[in-house]
Each structure stands twice: as structure tokens, then as C-alpha cells.
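You will see chain A twice below: alongside chain B first, and alongside chain C after that.
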Partner chain A sequence: MAESISALKNGEVEIEYKKSSQIKEIWRRLKRNRTAVVGLFIISFIAIIALLAPVISPYNPYEQNLNQRLLGIGARGHILGTDEYGRDLLSRLIYGARLSLIVGFCSVAFGLVFGVLLGLLSGYYKRLDGIIMRIIDILLAFPGVLLALAIVSILGTGIVNVIIAVGIWSIPTIARVVRGTVLYIKEMDYVTAAKALGESDFMILFREILPNCISSIVVYSTMRLATAILSAATLSFLGLGAQPPVAEWGAMASTGRNFIFQAPHLTLLPGFAIILIVYGFNSLGDGLRDALDPNLKNV
Partner chain B sequence: MNREILLEVNDLKTYFYTVDGVVPAVDGVSFTISKGETLGIVGESGSGKSVTARSIMRLIPNPPGKIVSGSIKFKDEELLTKKDSEMRMIRGSKIGMIFQDPMTSLNPLFTVGDQIIEALCIHQNIDKKEAKEKAIEALRMVGIPSPEKRINNYPHQMSGGMRQRVMIAMALVCSPDLLIADEPTTALDVTIQAQILDLIKDMKNMLNMSVMIITHDLGVVADIADSVIVMYAGKMMEYGRAFDMFSNPLHPYTKGLLDSIPTLSMEGDRLKSIEGSLPNVTLDYKGCRFADRCSERCEKCFVEEPPLIKVNDSYVRCHKYLNRR
Partner chain C sequence: MKKNFLSKTISIFLVAVITAALFAGCGSETSKNSSSAPQKITYVSMTDAVGLSPILTNDSASSAVIRTVYETLFMRDPKTGEIKPLLAEGYENPDPNTWIIKLKKNIKFQDGTPFNSEAVKYTFEKILDPKTASPRASLLKSVDKIETPDEYTVVLHTKTPYGIMLTALAHDNLSIVSPKADKAGDINKNAKGAGTGPYIFEEWVPGDHITVVKNKDYWGGAPKIDSITFKVVPEMATAVSMVETGEADMLVGIPPEHLERLKNNADVEVTQLQGNSVTYLGFNFEKKPFDNLKVRQAIEHAINRDEYISTLNGLGIRSNGIIGPKLIGYNSEIESHGYKYDVEKAKALLAEAGYPSGFKATLTYGNTDTYNKIAPFIQAQLKKINIDVTLNPMDWAAYLSYAKSGKAEMYLGGWSNVTGDGEELLYPQFFSGNIGASNYARYNNPEADALILKTRETIDQNQRVEYLRQANIKFTDDVLWVPLYHGVVTMAVRKNLKGIELESNGEFRFNKAYKE
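Up next is the complex of A and B:
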């Protein structure tokens, strides 16, 4: 534990406890996990690029230059070449990072709001459990991206609709994860003790149970971010998400496909970017799980 | 001594409806607790002690548990017909409760100060600063050194005994009239046990409250209780003043329990025990529940359940005393 023996006062050992000890402890454990550090590095790298996109990108990602179409990697003035309209690929990739992160975070946030609420309710109230879980089962019965595809085809194409679709698709699994944790936490003695102190159901749910679910929610959301970004890119690749000329990795890979023999980098580089971000979130999630799992604490 | 009655439990029945059938965990328990009285409930694991306590607090998980019948009167108010919201006003403020395992009874994510302040704020309309002072005062009261520093500790930074003191502080911070202690010393080592019992005794005198203490340790009862209930398989086997029970135990089960206490003089002998274990009780159970293990049983014991019989000032559930009246 983060105790530091500060001074000997009157022969007594004074032990100081720091309030932030938990966060430090998690950080310390995360640092020891190499994949987690790599993941964290990748995510920070992409996040910084996304934040500084207007500053660091060499060109406007939408500026067409038809004299310089389909340049290869290493071309003069365009390190990563240009696409079929002569737009700078590096700039488009940089702006694509923005979009991927926004779509990922927004859709997971959307899924969290509803998923956590449903999970809490169905885990805590046995009466609601049956109804909520059957609805969740129905949503889970749709294979993979198919549900998101169906939602997008109802709502229409576009980034906002992709966020909603991927968000809705995230609800059932998040609800399942939260419900499982609630079922475990609500049997803990401190929940009974809280009841014996006269706490209301609302307080027990949001003060005793929810805070103790946070670690599994954080871990799962991190992993879910990867899935959300991947499925948003998939939808764009299929032409249902971001519409041209928006610089989105999935959409870029999709249009680049037409030139796969003349300029394979148009498909490969956005694909590689997607792999990188998905790998980053997944390994960060793995590391967080190890760092936050109380059962592994003294390992 | 005719003191004012604080809690009156009458023919309480709490059943659990499981897949394997109905389990009468508490089957017709009646007792009273006067103001300032300490009642001990003893019995082995599964005898229904904790279920009795939780029934009073209405903390039986339903389903599978259900209070089937009986009445629980606290200050002449029936608790069993109260609405949930009314019951919440009683829990914590009028009846405090402490639990067996202090290691898991505190929320690991909040400082002990926050948790005591929380307990205060549920029932009293006070501002944060005042609540904090009261929390420090409560920690000092239960004997935690330098409470103004300890208030910022998380539960994992405290020892088991310390945490049980915090639990007691939380239960008593609203000065309840009744403290229910569900095996408060079971998870602690012997020296700490004595300290915690002393603390409960001190608090009881200081706040002038009644205590209901649940334990399987007769030593605890001898130390602290004015009257005792011996429970077996959901039934009251003996109920009387603690002094009477120790000097003149009536029920064969009580005798067996007292005989099982190891003494130093029996060096080298094997520890005495009551052979067998609790029966699987169902609703249509016939006869005395202790009959299988009883050393003084007769044929009648297997056929008919004995009623509670008054002997002197005590009550006992045994056929042996039926003819002696």
C-alpha cells in the first residue's frame, strides 16, 4: 500500500495515508504490463495526432489536385502519396484519426448510458430482470454488424447515424457485463450493511453498487471502443457510414479498393491505421483488466 | 424488575421457499427485550439466529425468504406492516446493526469518514462540516486513536478490529434504541473479541440502549447478556435469564452446549461434543427437532413436539419438564 513512514514523533511511527493511493496503485500495476504500455502509447499517439490535426497535417485533406493523382509512397511533397483526386493521403489519415476516435467514444458513451442503466436495473431488481434480459437476448441474437447494418439502413447513412447504430449495438453486451457484476456486488456484506443503515434503493444502486462496478465497466468499455471503431469503419467501407469526401479510414479503404493494383497503399494504409487503433485499445483494455482486478492485487 | 418493553417479537415465522421445499428457518420465535436489556441468542450454524435478526430489520431477501406470520412490535409499533419507506426511517436511526465480518461490511471505495457521514446524513438534516465533526466524535467514542486522521482512511488501511469499531461507530452514530449485533466477534481474534465486547457494553451504558447479540460462543453470552435464547433448527429451545441458564441449564441441548466448553482441567481428554448435526427440517417435521442427538430422549420425543414449558422463571421446550409442574 502507499504508506510512507514520514517521521518518528515521540517514538511513535507516524503513518501517512494518501487519498490518491488507489489511482497511483493502478498506474503502478499498469506500468508493469508491457502490452498495456504499448497500447497506451499507441492510443496517446493517435489521440495527440487527432487533436493537433490542423497543425500537423501538411495539406487540407479535401484539397484536390488533379495533376498529382495516385502518387506513390515517398513522392515529393506527399510522403504517403495521393489518392485518386490528388488529395494528400497523410493529411486524410490524420483527419481520419479524429473521426475514428469521435465515433468510437460517442457510440460507446451512448451504449454506456443505456447499457449501464439497464444492467443496474436488471441486476438489482429480480422482477425487471426477466423482461430486460429477454429484450437483450433478442438484440444479441442478431449476428455481429448485422444489427448495426439494419439500424443504419433504417436511419439512413451518415456519421451520426453510425454512432447511434453502433451505440445501440453496444447496449446489450454492456448491459450483460454490468448485470453480472451487479449480481455479484449486491450480495456483498456492505450492501446489506447499507440497507441496515436505512439507505434507499436509489442510494444503494448509485453509491454502493455502481462505484464497485466501475472497474469492470472501464475495462469493458476500453475493449468495446476497439469493436466500435472497427464496426464504424466496416459500415463506412460498405458505404453506409461516412460518405465521400469525408476522410474516414473505412471509407478511404473502400474507395481505394478500385485502385488496388495501381496504388495499393490507398487501401493498405487506412487498413493499417484501423489495425493499429484496434490493437491499441484491446491491449490497453487487457492491461487495465489486470491492473483493476482486485483478485490479482498482490501478484 | 418491570422495565419498559422495547421490542416484542411474537410467534415469528420466517420461511425460505427453495427448490427443495419450504425451509422453516425461524419457526415460532417469541421474546421481548426491555429498555437497557441485553439479549443473547445462541445456537449452532443454521439454527436461525441471523434470520431472526434480519427478520426484525426486515432484511430477508424475498424471494426466497418470507416472513410468514407473527408480529414484531418495536416501541408498540408493528414493524411487519410498515411500508418500505417507513422501515428505512427505522433502520439505522432507531435500530442499528453490526455484522459478522468487518472485512467485507464496509464499502471498499469510500473512506470510513465518508461512510459514517453518509450514515448520519440519511437520518439527520445536517451540513457536511457538522457531520464530519460528529463522525470524528463517533470514531473517538469507539476508541480509534487520532480519529481526525483515521477519518480519511480507506477500509483496507485498517485492521479487522479497527473496522469492527468503525462498523459500531456507523451503527451508533444516530444513537439507536436497539443495537443488533450479528456475531460481532466471530471473525476477530480473542484479544480483540474482548475489546469489542467491552466496547459494546460501554456503548450500551453510555447511550442507554438495548442490545441483541447473536453468537455461537457461550463465553460471549456469559460476558454480556442479561437473558438468553437457545435456538435449535429454527425453534427456541430455552429462554431465560443468563444467570439461571448457566447455573441450572434445563434443556439437554443447553447442557450439551455447556459441557462442550473446553476447560483447562480436562487436559489430555478429548473435547466433548454433541454427536450428529442439525436435522433437515421441513414443514411436516414431527417430534422434537433435537431428539436424534438428545441423550435424554424418550419415544414421545420422536412423535410429538414438546411445547414451551415454564419452569421457574425460564421457558424450555422439552417433554422432560411436562409432568413436573
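Up next is the complex of A and C:
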């Protein structure tokens, strides 16, 4: 008895040691991947801007001044010009970053809570697998942003509803990814060992299996952030998301369209901001996948 | 070897198909230019029609279609604004309460039903029937009894003198419908054969387009245009570029930001004339705190209308009154009434009204270009006096029924005055009997009602105009609306399309249209 306890303790120590070296190893591999570093840089840059929005934005993004409307890039006092109500475009872009990140993280978190849970249950319990996966299949059958669109039409417009809609839309794919990993992990010796030791299903799921799914969840969530931000912007572009006067990139691009011949920057700059953040998350996700893949030790 | 042969066959086949397609393309191209080719007009509109029955609709998108299919007894001359007979031959007015209208003979509805006094009686009685819930029943409300002494004579008896009977009879919503077609089906959805007009309804794909085709047997001579498509393009920028590229032939109501571009296009003719429409901020008088005059005054004081009008590139005119400069009943003294932009005064008034720290309210509007642009402006202006406005944009048809049922708090609207008379604004919008129909403000004031009735019933024109003047001052001072700006109507037409005249109410007819 005493022996086995000490063995276990040793094991824990070893795991801890392994963990820190693992993170170092991942970081080392991530650093080597140039696109991933660029992605990480973009994301950090946008995150800092979003955090410091009230400090760094030159104007109140909601303050209208119709005498100074539709100014171009480089106008006096407004580096990126002004929109159709004379609101400072730079300030609105900065506040838009805030909203995009919040929407992205919240909706992915929403999707993760339910998606991971469903994935775990479905992967572990064969009996639940059929029914859960069929429901997931139905959800997956909706093409692209259509499902989110349908949910928003039911819930009504607004940012919170967009978060819920994009979150729900994220559930099926997350569940699928987690289920796949669980199916693989549950055949591992240490799971069999845990079962033999009489651990409860709950403990096995959350202490043995879930931690080992983390890398695929992290990779997938990062990529998903890009999709979530893009679809939230799409919904706002279609007028279903952020309502005026909220500074949201998709909505800004949408209203700017009316002025595309006089002031193309009203559409192009928010569009460019969306491209930037989506590219950032995608390339970071790509890099993370390579870095976290245990089969690519020598990269 | 075999494979080679196969690929050869396929390539020959492909070449044949492509050549055929090319020839087919050329064919249709040449036939387009020849004079015998069908002449088609594509008209682009931001909103879809609400319905196709004049009895059941009251919006510009529906009217544009209704005007091609149906006709009224009288019409306004597009140039002079004078009332002329259309389906009527003439009228007599033996006493102020009797209108004897002679009808033109030998006119048939498109479904073959003869046009006669019975059809007129049927149409008007249906409008007056409360069960129909016609949104423009107000136009005929004074009519008590309709008689048909013979096939081509209609006698309208009114309860009280109705000074503007003829302008009312020239209103699109009093177009005469075929009793047979109306009884047979829902002409609001399918108006085939239901009118006497120059075009016959063909199909309606909701949200996409409505098509009408030439009525070869039109009593006024068959039109030159073979078919007109009313295409719904909710996106203004898209609609404008469709006219620019020739994909569409015309649109009305050019937004200010596209005006210059269309004017500079050599293939497009832009018409711009001062209209009689008014764009306003309205209040629901049944909801607090909008029943409070001081609150409404504060709101008018808080809105810098001149600043907004400066963004319209000349497509809006400032006038303080509810009855605008182009309407009968306007008098320039109204410009010394109303409430000027003064934020401090607005705050003071709001405090006096008992809202020193403001309040929350929603602003409802149809999500078309015009209102989508105004709403955030109003929101920002009212923010300055601590009125926290939530915007509630709605689909056009949904907005109309929402406002009608009195759910809105504040709302944005526009009123194009079809008859050109101030009465045609005051009565539908502010007469208590029209609550639940066109009185979105749900304004119910016996004193105002009495004044409005005078503007309708007085036969002496000078006296009637005097009542309109009084009403304009009273209603402007009471801020029944905040008149944001008075309209300028615009129309962009491809240069090869001729014969369409824009009227100051923003309407037009396709009767004489032709393509060069």
C-alpha cells in the first residue's frame, strides 16, 4: 500500500516536470513557424488595442459631427477620415476590435461548453453516440452561416443573440472533433488502467480523457475564433447583428457601401480589419496544430 | 485509338455547342435592336408592394403597380395639377352634398366585365364597409349613399359637404376594381384582369418582382411598352448601378449620395423637382411621455434639422410646418413657428416636464435607405438631452402594421401627398376616426378634429385654405410631428426610355412610355 502511494506521487512529479517541458517544447516549435508568429503578433496587437480602446482612441466613436462627414484618409484631425455622420473612423475601428474579440471569444466559449460535453459523452458512451451524432449531423447539414442566420431570425437581432447563434453553430463541429479524439483515447492503456482501478466514469472522462483532448480543442478553438468573428461580422453586415450606432466592423462595412463611390475607405478599412483578425487567428491556429502534433517531434 | 476518337468526338461536340450558343447570343442581340422586338421596362424599387388591390393598400410601392393596372374616375394633370376626368366623363354638383358623375362608355375591365356604375358602386361600398378595413376608407368617409340611376351615372350623396371630392376621386386608392375579379379571388395577391388600366397584371414573385404586360384592348389605345417588371432591389447602391449599367431602366427617389454620379452619367436622365412629401419624426400620443407637449417641444429643440438637411445634397428643404411649401394650405408665416435647435432649452423643457434626467424610448422605422440613415442621427441628437433611444428597424410591411396598431413609441415616416392638398395629410394622419388606420400618432383631440373637418367640408376654397393655414400653425406649435425635411422628388431614367413624367407627389404613369 505504502509503496503504491509513493509510486503515484513520483508519477505526479514526473507529469508536472513533463508538462513544463512540454509547453517549452510547443513554444519552441511555434516560434520556428513564421506564419504562426505573425498570427500571434497580429492577435496580440489587436488585443492590446481592444483593451486600451478608451485610452488610445482619439475621439468618442459615437460622437456625430455632420459638418465633418465623409472625410478621406489623412484628413486633418482624423487620420482615417470620418463616416457619414462625421464620426472618427479610427476610433470606431478601435472600438470595433473590442466587439469582435468579445463576440469571438464568447461565442466560441459557448460552443466549447456544450460541444465538448456532447463530444465527451458521445465518444465515451456508445449508447448515446448514435442519437447525439444524428442530431449533430442534422445541425451540420445546414450550410455555412445559414444555421446562425436562422437562429438569429428566431432570437431577434442584437449582439448577444449573435453570440448565442454563432455559439450554437460552433457546437456540432466541436462535438465532432472532441468525439473523434475521445474514441481514440478511450482505447489507451491508461484509460483501461483507470477503469481497472475502479475510477468512476466522471473521473475517467474529466481526469484522464479530457486533458488529453486539450491540444485538439485548443487548435480547433483558435481556428474557430476566426470563423466566429467572420460570421458575426457577416450577420452584422446583413443587419442582423450589431445595431446602430454600435461600432462593429461588419455593420460599418455594410453602411459604408452606400458611400462606396465617394468614400470607399468606409467599407474597405473595416473589411481589411476583418481580414486581418481572421488571418491572425487562422495562421496562429495552423501553427498551433503543427506545434501540438506529437507526431511531428522534429519540426 | 478508341480513347482518341472519343475525345475528338467530345471536342467536336463542344465546339458545335459553343458556336450554337454564340449564334443564339448574336440572334437575341440583333433582335433586341429591331423595332419589332418586345419593349420591356425594368423599374427598380427598394421595397416590395404590400398588395395589389387599391382597396387594401396604402403605400408607394403598391401604388406604382396599381397605377398601371387600375384607373381612377379622375386624375391629376402631371403638369398643372388640375383635376381631369379619367374613367369619368364629367360631373355635376347640383348642391354641396350631391355629386353626379357621368362615366365614359364602352370601357371594359381586362377580364371582360363592362365598366359601369355598378362597378363604381361595388368598389366604393367595399372601401366603406368596415369589414374590409380599407386603410384609405378615410377618402370616402363623408359619403353616405351611392346611387346608380343608370348604367353610366353614379350619384354620391355626402353627409356633410366634401370640398375635396374630386381630388379624393383622383387618388390611386379609389381606383375602380372589376366586381367579377374581386369576388372571384383575392385581387390583393393576384390582380389579373381586375382593372381597366393600360397594363395587365401578370405575376408576382414576392420579394423579387411583379410583372405587368400590355393591355392590347386598352380603351385609351394600347401602350407601346410590352411589359414592365417592378424589381425589388433592397440595396440602393445596387439599384443605382443597375440603372447605370442599363440592367434596369428607371428608379425614383435617388438618395443624395448617388445623385451626382447619376447626373454625370451620359446615358441617364435625372429629373429633380420640389415635391410635396414630408419626412417626419412622429409620436404615439397614447404612450407616455409623448402625450406631454413639453417633451415633444424638447425633442424638436434637440434636433438640428439644418445640419441633417445639409447632408442631403439639395434633396431636402427646410420648412418648419407640417404642411409643406408645395401643398395647398401652406403659408410662409409658418416659418416663424416651430422650435429652433437649442439644446439648453430642450434640456430645460424636459426638466419642466418632469424628466430632468431624460428617459428611454424606442424609435421604430421601416428599414429602407432613407430611414436607416436618419435614425442614428436622431438617436445621437436625443442622446444630448439624455433621451436614450433604442432603434427598432423593421421590414417595410411589418413597420406599417406595427405603427398602425399603435405599438410604436416614436416612429419615422414620410407622407407623399397624392392629392397635393394639406387636408389629405391632416385628415388621415391626425383625425381621431382614423386611429387604427392611417393615424399612427393615435392623436385624439376633439378640437383638432373639428378643425380638420372644416378643412374638408368647407366648399368656399378661400375659407378652406384659411382653415388649413390655421391647422398648420396649430399642429406645428403642438408638435404633432417634428417635420424633419420636405422632399424633393427625383427620378433617374435611361435616356432611351421616353414619355414618363414625374409628378410632385413622386408618382408617374407608364401610359405614354416608349423606348427609342
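Simple rule for what comes next: the second predicted complex is superposed on the first by the 279 of 299 C-alpha atoms of A that agree within 3 Å, B and C clash if a C-alpha of one lies under 4 Å from a C-alpha of the other, contacts with A are read in each partner's own complex, and residues count from 1 in each chain.
What we mean here is this: contacts are C-beta pairs under 8 Å (C-beta built on N, C-alpha and C of every residue); 3 or more make two chains touch, one makes a residue touch a chain.
Remember, predicted model here, so these are calculated numbers, not experimental data.
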Which superposed partner A:G271 touches (first chain B, second chain C, both, neither): neither
Which of chain B and chain C A:G180 touches, first, second, both or neither: neither
Which of chain B and chain C A:I260 touches, first, second, both or neither: second
Contacts of A:P245 with chain B and chain C, given as first, second, both or neither: second
Chain B versus chain C, judged by how many residues of chain A each one touches: B
First, second, both or neither for A:G158, with chain B first and chain C second: neither
Chain A positions touched by chain B in one structure and by chain C in the second: none
Touching residues (chain side chain A, partner chain B) in the complex: 1, 3, 17, 19, 21-22, 126, 188-190, 192-200, 203, 207-208, 211-212, 294
Complex interface listing, chain A residues touching chain C: 62-64, 66-67, 69, 84-85, 239, 243-245, 255, 257-262
Complex contacts: residues of chain B adjacent to chain A: 57, 59, 63, 85, 88-93, 96-97, 99-101, 104-111, 118-119, 122-123, 149, 152-154, 156-157, 167, 170-171
Partner chain A, residues of chain C touching it in the complex: 235-237, 255, 257-258, 261, 304, 307-308, 310-311, 367, 369, 372-373, 375-377, 379-381, 383, 391, 393
